[in-house]
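Heads up, there are several structures right after this.
Here subunit A shows up in two complexes: once beside subunit B, once beside subunit C.
Let's look at the complex of A and B:
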């Protein structure tokens, strides 16, 4: 019996104009999102490579490692970023490395190219979140009351069909009719990825599959919700209106409001005030050190080289001491802000999970590695690299540059000093969050999507049992 | 007759439960967007005041002119309450210093990516997404719905001209959907007044212009819905057409336009430009360092022929002159670097401008993107906001550096730390003397540009024209299609 209902539902949907139109639009959009995502990735990769080589080129021709300034590292574009951009375009992607001190991460893609910020990008997350959810509503808003309006529901139940089988068949049928055809453009898109130069590794394929699965689960949520609302109302026009209002609230309002509410509830210390405190503290330390520097007396007598070495050592010790005090001060301030920020984020995300849209968004951005955690993992990689860089500089120059001072001793011979080799600088390696952690982090939201599916299905099931089919 | 049809249509719209629930949702959302916009604006004002206050405090606490730096924050504009545009995407302030070029850094979204996850709701968002969707729900069956119910044939069986009918219908729907909107709009203005948002006369005029543009977009969706209802005999099909058109205009064309432009006109990344700037800067400083070494070698060689006492006397006599010479060369280096950066930035901007132009032309195939661009131009939160501010601050940087230099000269202190080593007097370290805080009287003030109504109007005319063009196209097509519509 179930099989018959499922088959009928699939057949009804597949032969409808509604299906032809929506399937064409969705297919085009899905393929387009894969294509533009891959093209954007190519562009971002080219820009990243150009930035990197220009950064090394600016060092070429230098003869002294101490002259190396404005050495920058960049956040490399990640392959899955092309499908789910998340906040990857909003956060800073460049860090100017120095041997000591806090390193700010700057230059977001949207900040540098605001043209892309106006309308943002077309990615898989967007297609599922906005387009497929709307089409799911369109497919199922009249699943029950529409049949009643047409009189087919009464006809169906004049046979001995249990209500629970009917509703289950309806749901399975509409889900399969929507999802299976969509697998075609998804597969075409997947094939396009390697053809357009996006090579996914083993773990990335798993994450990619989970992203697609989350998308279909999310579509399932809207289908089951639509069937549920359709079984709660008498008229299909009413259920459609209710669903549109719910869609607007779930997609547009709740996620945004939750962040604003948590922003008002948790008082995160202002970044500008914190930065100013740090700047004033550094300036105060520097004033104190200036006094010490003016009193410096070398013990080496006439030997220039030894005097310079002594001065360098003295300056280094002062700089190390300043650095230590600054780090302690900054850590205290940063810790307080990070804790508050995390709390605010937690509150915001917990509230916003009322909407399945947020769960879906967190799941896919988490899996693609483009969630808000991307900022902290880039920062962590930069901090680790700073240690590596400073060790390298010490090994080359005997000092840790970063104070802005440069002492040069030159002799009178005309021998041209050798150029330094920029290739010796250790390469920056961005260490993203491990795939296993990303997957386990996303499982919670995938579970929530599943939960929404079950809840709405149960709702549809129980309300249909009381539904007056006459 | 038209009047009767118009009144009938008005009654049909206004007296339905669908209208009440939609109207309620729209009112709540519009008021919410304005309320949140005000909150966001107040936060920005607070940030602006904090950065300005702290920057002044840091400057006052500086003890030498050489190390004097400033931070200049973008001044918030009250119109950002309604149109946030790219306000949260671009940097909030720039450091003003001798050696670094102006650059807006620390955008709201990069500092707080949690806000970037879902972004903010503003008036433009409500108009482009929510209002347009509701309009489609109200209009998709305007004509074919009447046919399905059999009322169309009934009406036209009387002595009613088709032309009168469609004009009455369109006017009725337009009035029925536009007039009630004045209530939440007026309430929004009332909230702005209650919160004492400092709107100047110019600001009110720009707000009026923005509301007019919003009504234009609203009108476009009304005629689009009516047009789709004349295209097919079934309301379910016309709804599909309307919804597809809505998706196309709201989400697809704007994004696809910009992305196509990015593929056609390739602009080098900012990182690459930064690298080129650094490269030139390094070469120039390296040259300055080598030249300085040569100069000192020459000076020492010149002095070597004199006995020790005379050497010392000459050195003391000429030191200031030499320092001036070195300083002049250093300044020239900075001027060269600044000029190079200006040229590079100009090329970069021109390239980007081409890309933006093409992107906007392509995306203007959608009246929604035309509206968004129009709204941002009116509010001053448009794509040029970053360039406008960076240009303003670059000019300010010149004034600031001139002031700093003048003050440093007046202070007769070399500034910073000067270390001299020679074989006779050994190592000598001089630091500028601590003289307490600096007297910042005469510090040039940043004269913020005012974004006038005239500028807003001129920059929005083209986009407004595009929306009007689309309205007339859809209107003409609706009337034309209805004249041939099979009412049976």
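Let's look at the complex of A and C:
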């Protein structure tokens, strides 16, 4: 019995004009999203390589490591960014490393090309989140009440059909009719990836499969919700209206509202306010140091070189001391802010998970490695690198090249100094969150999507039991 | 044990303050057409809805093959076919596809396309219509499809809810011919209509319904020398007692 209902549902959908139109649109968008994603990845990769080369080129020709005041590092583009861009275009992708101090992360892609910030990129997340959810509504908003309006429900239930089998058949049929055909463009897109230069590794394939699975689960949520609403209302026009309102709330309102609510609940200090505090503190330290510097008296007598060394050592000690105090102060402020930021984020994420759209978004951005964690993992990698870089520079120059004054005396020696070798600078290695952690993090939201499916199906099941089929 | 295929025993349906069906009792045996004749709101469709378990009785029982419908609806409906005023099938499907689906729902899973074609030919739908989509069908053609579904299900019991309403005379005549042939095969048929002419033409028993009550029930033989139209008007005007 279930098989016949499923078959009928699939056939009914597949031969409809509605399906032809939506399938064509979805297929084109899916393939296009793979294509543009891959192309964007290629561009980002080229930009990344060019940035690295340019960075080294600027150092080439220098003869003294002390002249290397800053070194730029870049966030390498991740292959799965091409499918789910997440926050990857919003966050800074480069950082200028000096030996000490805070590291500003800058140059976000949207900062470079603001037009993309307005219209965003076409990616798989967008196709599933917006297009497929709407199409799922379009296919199932009249699943039950539409049959009643057409009169087919009476004829159907004049047979000995259990209601639960009917509704299960409806749901399975419409899900398969929507999802199986869409596997074709997804498969084409998948085949396009290596052709367009995106090579996924073993763990990335697993994450990619889970991204697609999440998309289909998310589609299932809208299908089961549509069937549920359709079995709650008498008229298909009413269920369509309700579903549109729910869609707007789920996609547009709840995620934004969650940020507003969490912002009101948790008072996170503004960055400007923090920077101002830090600047005042640093300025105060400098004032103190200026007094110390004015009191500096060399002990070496007339030997200029020794005096310079003594002065440099004095300045270095001051800088180290200042740096230590600044770091302590900044760390305290940063920690307070990060804690509050994390709390606010947690509140916002928890509230927004009321909407399956947020769960889907968290799942896929988490799996693609483009969630908000990308920003913190890049920052962490940069901070770790700063220590490595600083140690390297100390080994080369005997001092930390970060902020601090340095005095040199010219050497009249005619011997041409050798160029430094930029290749010696330790390579920056971005350490993304481990795949296993990404997957386990996303499983919570995938589970939530499954939960939404079950809840809405149960809702459809129970409301249909009471549905008047006449 | 009763040999009646269709049986209403004190069947009552009440909606808040409205008594839609008031202790209605009748039975239909094999090879019999029982027609419920009455105006709009008389309770004819409600009675059929009770037999199809679309609604539950407030009191009494609707039985099919001695099975109380509201207690064992799935079992009772195994031997039921239903044709409504507007047979609504899937308009994107062809006649054959509709027959295939509804026959399978009716438990006939081993039928072939030839069986469907034979059924369609029997109800008067020629070959060129077999693979046409239902959206191209007239109402009469859809009604014929509905009968074809009932034929394929080979149900012992057939419910017809205003089946000839809106049909042109030719289609109405063909439809009646089909119903008769089904009756002759031994089916028990319960039909509702407000068409006195058709009722008299086809029925073995006629029950005139008014305000949820069968106010008159007569067999074909009893009605032979009576003017059904006059009787009907008489009862509609408020004459006569309730049928026991």
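Quick notes on this structure:
Just so we're on the same page, the second predicted complex is superposed on the first by the 455 of 470 C-alpha atoms of A that agree within 3 Å, B and C clash if a C-alpha of one lies under 4 Å from a C-alpha of the other, contacts with A are read in each partner's own complex, and residues count from 1 in each chain.
Criterion: a contact is a pair of C-beta atoms (placed from the backbone, for glycine too) under 8 Å apart; a residue touches a chain by one contact, two chains touch by 3 or more.
Since we're looking at a predicted model, the values are computed, not measured.
Of the two partner chains placed around the shared chain by superposition, subunit B is the only one that A:311 touches, whereas subunit C remains out of contact.
Using the contact criterion defined above for the overlaid structures, shared-chain residue A:102 touches neither subunit B nor subunit C, since it reaches no partner. Which of subunit B and subunit C touches more residues of subunit A: that partner is B. Once the two complexes are laid over each other on the shared chain, residue contacts for A:50 go to subunit B alone; subunit C is not touched. Applying the stated contact rule after C-alpha superposition, one finds that A:8 touches subunit C and leaves subunit B untouched. Legend: residue contacts after superposition of the two complexes on their common chain; A:263 is shown touching subunit B, with no touch to subunit C. The interface of subunit A with subunit B does not overlap its interface with subunit C at any residue. On subunit A, the positions that touch subunit B within their shared complex are 17-18, 21-22, 25, 29, 32, 36, 39-40, 43, 47-48, 50-55, 57-59, 61-62, 67, 69-70, 72, 74, 86-87, 90-94, 104, 106-108, 110-122, 126, 130-131, 134, 138, 237-238, 240-241, 244-245, 248, 252-253, 255-257, 259-260, 263-264, 268, 270-273, 276, 279-280, 283, 287, 290-291, 293-294, 296-298, 301-302, 304, 307-308, 311, 341, 344-345, 348, 352, 358, 361, 365, 371-372, 375, 405, 407-408, 410, 412.
Interface residues of subunit B facing subunit A in the complex, by the touch rule stated above, are 17-18, 21-22, 25, 29, 32, 36, 39, 47, 50-51, 54-55, 57-58, 61-63, 67, 85-86, 89-91, 104-107, 109-121, 125, 129-130, 133-134, 137, 236-237, 240, 243-244, 247, 251-252, 254-259, 261-263, 266-272, 274-276, 278-279, 281-283, 285-286, 289, 293, 297, 352, 355-356, 359, 363, 369, 372-373, 376, 383, 385-386, 417, 419, 421, 423, 426-427, 429-432, 434. Remark: subunit A residues 1, 4-5, 8, 11-12, 15-16, 150-152, 154-162, 468-470 touch subunit C in the complex. Contacts from subunit C toward subunit A in the complex involve residues 49, 52, 54-55, 73-78, 80-82, 84, 86-93, 97, 101-102, 104-107, 109, 146, 149, 153, 159.
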